[in-house]
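Working notes, structure below.
Read from first to last, the chains carry the letters A, B, C, D and E; within each, the first residue is number 1.
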Amino acid sequence: MIVRPHQHWFTRLFVWHGSVLAKISTRLLLNVALSVTVIFFLPWYEALDIKLTIAPFSILGVAIAIFLGFRNSACYARYTEARLIWGQLVIQSRSLLRVSRTLLVAHPQEIRHLVNLQIAFCHCLRLTLRRKKLDNVLDRYLSQAELNAVLHSHSPCNRIILLMGEWLAAQRARGALSDILFQSLDNHLNELSGILAGCERIANTPLPFAYSLIVHRTVYLFCILLPFALVTDLHFMTPFVSVFISYTFLSLDTLAEELEDPFGMEDNDLPLDALCNGIEIDLREMINDEHKPEKMRPDRRYLLT
Amino acid sequence: MIVRPHQHWFTRLFVWHGSVLAKISTRLLLNVALSVTVIFFLPWYEALDIKLTIAPFSILGVAIAIFLGFRNSACYARYTEARLIWGQLVIQSRSLLRVSRTLLVAHPQEIRHLVNLQIAFCHCLRLTLRRKKLDNVLDRYLSQAELNAVLHSHSPCNRIILLMGEWLAAQRARGALSDILFQSLDNHLNELSGILAGCERIANTPLPFAYSLIVHRTVYLFCILLPFALVTDLHFMTPFVSVFISYTFLSLDTLAEELEDPFGMEDNDLPLDALCNGIEIDLREMINDEHKPEKMRPDRRYLLT
Amino acid sequence: MIVRPHQHWFTRLFVWHGSVLAKISTRLLLNVALSVTVIFFLPWYEALDIKLTIAPFSILGVAIAIFLGFRNSACYARYTEARLIWGQLVIQSRSLLRVSRTLLVAHPQEIRHLVNLQIAFCHCLRLTLRRKKLDNVLDRYLSQAELNAVLHSHSPCNRIILLMGEWLAAQRARGALSDILFQSLDNHLNELSGILAGCERIANTPLPFAYSLIVHRTVYLFCILLPFALVTDLHFMTPFVSVFISYTFLSLDTLAEELEDPFGMEDNDLPLDALCNGIEIDLREMINDEHKPEKMRPDRRYLLT
Amino acid sequence: MIVRPHQHWFTRLFVWHGSVLAKISTRLLLNVALSVTVIFFLPWYEALDIKLTIAPFSILGVAIAIFLGFRNSACYARYTEARLIWGQLVIQSRSLLRVSRTLLVAHPQEIRHLVNLQIAFCHCLRLTLRRKKLDNVLDRYLSQAELNAVLHSHSPCNRIILLMGEWLAAQRARGALSDILFQSLDNHLNELSGILAGCERIANTPLPFAYSLIVHRTVYLFCILLPFALVTDLHFMTPFVSVFISYTFLSLDTLAEELEDPFGMEDNDLPLDALCNGIEIDLREMINDEHKPEKMRPDRRYLLT
Amino acid sequence: MIVRPHQHWFTRLFVWHGSVLAKISTRLLLNVALSVTVIFFLPWYEALDIKLTIAPFSILGVAIAIFLGFRNSACYARYTEARLIWGQLVIQSRSLLRVSRTLLVAHPQEIRHLVNLQIAFCHCLRLTLRRKKLDNVLDRYLSQAELNAVLHSHSPCNRIILLMGEWLAAQRARGALSDILFQSLDNHLNELSGILAGCERIANTPLPFAYSLIVHRTVYLFCILLPFALVTDLHFMTPFVSVFISYTFLSLDTLAEELEDPFGMEDNDLPLDALCNGIEIDLREMINDEHKPEKMRPDRRYLLT
């Protein structure tokens, strides 16, 4: 996520980093090259009686804008939902610990165990969503037996919830929790289960492939044909207008692609590292644990991963 | 569902499989044929003073794009909701088992019975949604008496929830569950009931028929009239522009039709087989059962059914 | 609801029934007649220097399409919500019976009473929403005293929920249900209450009247003025293009009106009869009652009421 | 709310009352006057080489339609949500009474007290939302002490919920309700609290002021400039087309303004009086109280307040 | 928030304050200056055969309007959600106090302590969202020990919820609350936790940066190029039309930016001060505390902060 501070509207026009401009520069240069070529071949082109007027492109342009707008909304909805689910993780992590700490005030060691499981869950979720290795992070929070169980599981995060369930059952078994309070705490585990399945859903079910493909194709074909349609009217102005229209469509298409997978590592994706870091600080502080990590800050390029 | 790995934007333009291009190829060829015919008959056509200008098509094009966009949103919302409901199934399956296993830790045989009922429910839901035969799948998970009850029911999935309800009542009857815990577990059955009715709703209540029909008709008529409107302006370029605009409208119309029934077996439908397979692995693993199935992978054409 | 089986895209173009085409045929014929008239009067019309160009109609067409699109979304949202509420009815009916049957397994007569109340509620809701007579249907399910109470009530459905509440209180009073289980079952009655009020809300609060009126008026005026605007450009083609554009706008306007009242008896409305029939079969089957009705099928014209 | 019965589409075109036409008639007449003036000054206007073509108005028209469409959606969402909240009030009123009546069947006097508090709450909510005097309505339902407490409160509705809370606590204090049932009934009070805060939110937080202003300004300016842009093309037809386009934009703008405050007394606002009347009849009937009010009917102009 | 009273539509056109007009005046003046320059250089410009027609701008204008419309919706959704969350705070504050007061009627001192914690939470949330200093406000409501704990915390609001949790646990510990009532009250704390995390989510996760940037850039570039495209057609009318179109796009872009951060101090942001003030009055009144603050009123410029 880019957390660029507020800038004057004029300065902002010249931002390069994080603007998806870098990603589509090749395609825009191709467009300029094509426009220039078209200007040179214009006399030969007109002689052939091959003419493209701008009117059908007007229909196409509006249609593509509507479909692109729809795809954008769908991808942004995925991004927003992903953020909402991680917000739920923040809520549930704090609430589960608050009630547990209150009810089991006489057993700080048990609470410390729970906190470690909770933090391990967050990191495990982050790492599996980003397809990274788990072991060198999780060994900070889990015992060797727990770590083995988690690493050998088909669904490591679900295994950690199972460990929390066992922890909770143990508290009930030794009489520290009545059935009502057990059920109340167990609901938080159900919520964690919902968070996990929500993330899996977003990560494993992309936008229907054909959707992205249709929009891609029509956008690219539109940008390729555009210089031919503009040249008879605009002549030397063709490259400027063509590249401007292409920028509008291509950049939104590219941004939609970034937002489609909100758990990725691209500039506009969610800052999962920072979210995990925040939860860890919160939980450690709630049990007055001094060993809390440093708060993460955006890097020099205003990026928060 | 197509799970094609990320490709370069240029390569992606030439994808054939899963792009709905195959489905609409006849219609696009018809469009090309019509455009070529129109070019040949142009002199005769102009002599008749029958002229179609592009201006009224501009109004129509935008109107159709807006309505097609709405239909697309409605169909995509059905697809998204269907996926959300199956995500709920993942959540509830795991949560029901987690709590049950925790509370009935002394009765592994009962838990194994529950797991079989749960997996049977998932497969039963998948098979009824896809109108396939149940018996040769469900007999792996149900006893003969249960299988008979399920197969002779008007609503097999609901019958399996009923069996789970009886299992739950039996646990309460022999004192293993207090009323509070019984009610808490029973809520998971209510959720399964909601999942079932949600899937039935999507499967049995399509988009109002007239909607699809109006959009179909106007899109097809638009594509048929398009060459007549373009030919006076574009002449030899008519087939190219006409087929491009037709592709934009027809492909989105066709994709919307695929998404409208998200439980089908078409390329862009939900991978119910893989979801059931995932739930089965999860549940078996949670009770340390060795007899879990292999994880399903996409086939050579990147398809996951 | 029309449940037409999947057809070839070409055949589908010629569907008459259920396509709202029948409903708007008069208005389309008027449009054709006007177009033909305009062609005849064209010379006189041009002599008067009364000219309507297509350009302002382009602005209007897009604006109307946007507003019509909005109205369509709003009406479709009402339809979807109505279906969702009836889906809730399916869920709650099954869940209430499942838990009751489980907990009161020793009192089949009581359960049978509950089932009759539940089915009566569904039919009562259907009949009041469609403003039909209640007595000749409800007397199959209610005792004479109950029937009297229901028929003399200002809100018959609410009275049936009250009867269920009394049934539930009776079970608690004779010690068959603890407070926890009572509250749990009572929640299902709250849900039924929500379903009832939801249906009443949709039925009694239409889309703001002025909305429909503005869209109607502008659509009709637009279609009336269209031939005048098209004739100078299109001449003999005027009737075809004019009727095509009118079809697009009028059919969507008319469909929106059908969907606005989803509980009606028109072609594209919800199949409340079939839904009630389905719930009755489900509930009877859950208590192994042999006297269940036949499953409703669509009629020859693919209609399910 | 206007509850005009279904009319023939043709008759409907000539509806005056409730169509917002009355409200914008001045502005439409101004537009006609301007159009006529412009026609007279056309020669002088053309001599000055001041020309306004329709092309830039096409861009503006579409842009304004999109923004107006968005504002309409936002205002309609407020209207829908307001109706939903009042639907919740119906649900909660009935459910709270149903359970209370069932559990406190031996104390009809207490139930009568509760019913009075409930009805007082509905009327109080209605009257505060419409900024009317409370005392001459509420004194029908509240004792003198209660009335004083309510009238002197900063938030009268909240005070009535507090009185219900005290009523509920009294029932628990004298042993009529276990903690579970107390909590269950108390949840209904929480829901009432949510209903109250929801209404306050809609009433006190309008659409951001700048939004309405921008749309107003651009719509009015657009309508003022329109005759100038149309006159060179349309000449004598200018007033007709100009007033038609203006009607489309102005009427939607004005309707949006009515819907923005759904609790008002304008034609298209919610019928709060009728809703309160309905709840009062429902509740009185549920306790077989003979003193229920008459059911409200729409007046001669189909208005339900 | 601006709470300008209802005005005549004509007067409203001349509003300056709160209309975002002030903010974009420089950019509009630049646009006028550019338009005038373009008119002067028109002969030289035409000689160069550099021509920009309005047709490609028509495509661009519609596309930009669609994307701007989407960005507006997204920002408005943030604003609406923020208001909804603060509405939740009103609900939970009142409900938590109502139940507590009812159940702990014998301990007014404890209730007073709770009220102070609740009010402190609201102010703390407001101040952290607006990045202001906490200590000189919170010391009115918290003891010195509490204040220290809160001020030294990484997440002060969460620390206050923790204090409420400890207060609640103390009530349970001394036997004033059964487990059921404890769990019921604790749910309100979970809701407060959700409110806090919801606000943090909106405040810390802006709209993806690239989105705002793409829309900014295309809007500004569009407005800069507009005079060049309009001048050949409109000549002396160029500045008027150009500044009007620019106003439409720039003002919506600027308003979206204000709404994006709904917790800010700009004209169209949420009135957090007034909301906190309202909650404080409500809570103090519910315990008949005389020391309630004055109700906040909008200032002379109709602003409520």
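Methods note: a contact is a pair of C-beta atoms (placed from the backbone, for glycine too) under 8 Å apart; a residue touches a chain by one contact, two chains touch by 3 or more.
The UniProt protein names, listed by chain, are A, B, C, D, E = Inner membrane protein, bestrophin family.
Note that the structure is predicted; figures quoted are calculated from it, not measured.
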item: If a chain touches chain C and chain D alike, it appears here; value: none
item: Chain A and chain E, separation of their C-alpha mean positions in angstrom; value: 24
item: Geometric centre distance via CA averages, chain E-chain B, whole Å; value: 39
item: Of all residues in chain E, the ones touching two or more other chains; value: 55, 58, 62, 66, 69, 180
item: Pairwise touch network: line, ring, star, complete, or other; value: ring
item: Ring topology as an ordered chain list, initiated at chain C and continued via chain D; value: C, D, E, A, B
item: In the complex, chain E residues that touch chain D; value: 1-4, 9, 12-13, 15, 18-20, 54-55, 57-58, 61-62, 65-66, 69, 72-73, 76, 79, 83-84, 87-88, 90-91, 94-95, 98-99, 101-103, 105, 178, 180-181, 184, 230, 233-237, 241, 244-245, 247-249, 251-252, 255, 258-259, 267-268, 270, 281-282, 285-286, 292, 295
item: Chain A-touching residues of chain E, taken from the complex the two chains share; value: 27, 49-53, 55-56, 58-60, 62-64, 66-67, 69-70, 74, 153-155, 158-159, 161-162, 165-166, 168-169, 179-180, 182-183, 186, 189-190, 193-194, 197-198, 200-201, 205-206, 208-211, 213-214, 216-218, 220-221, 225
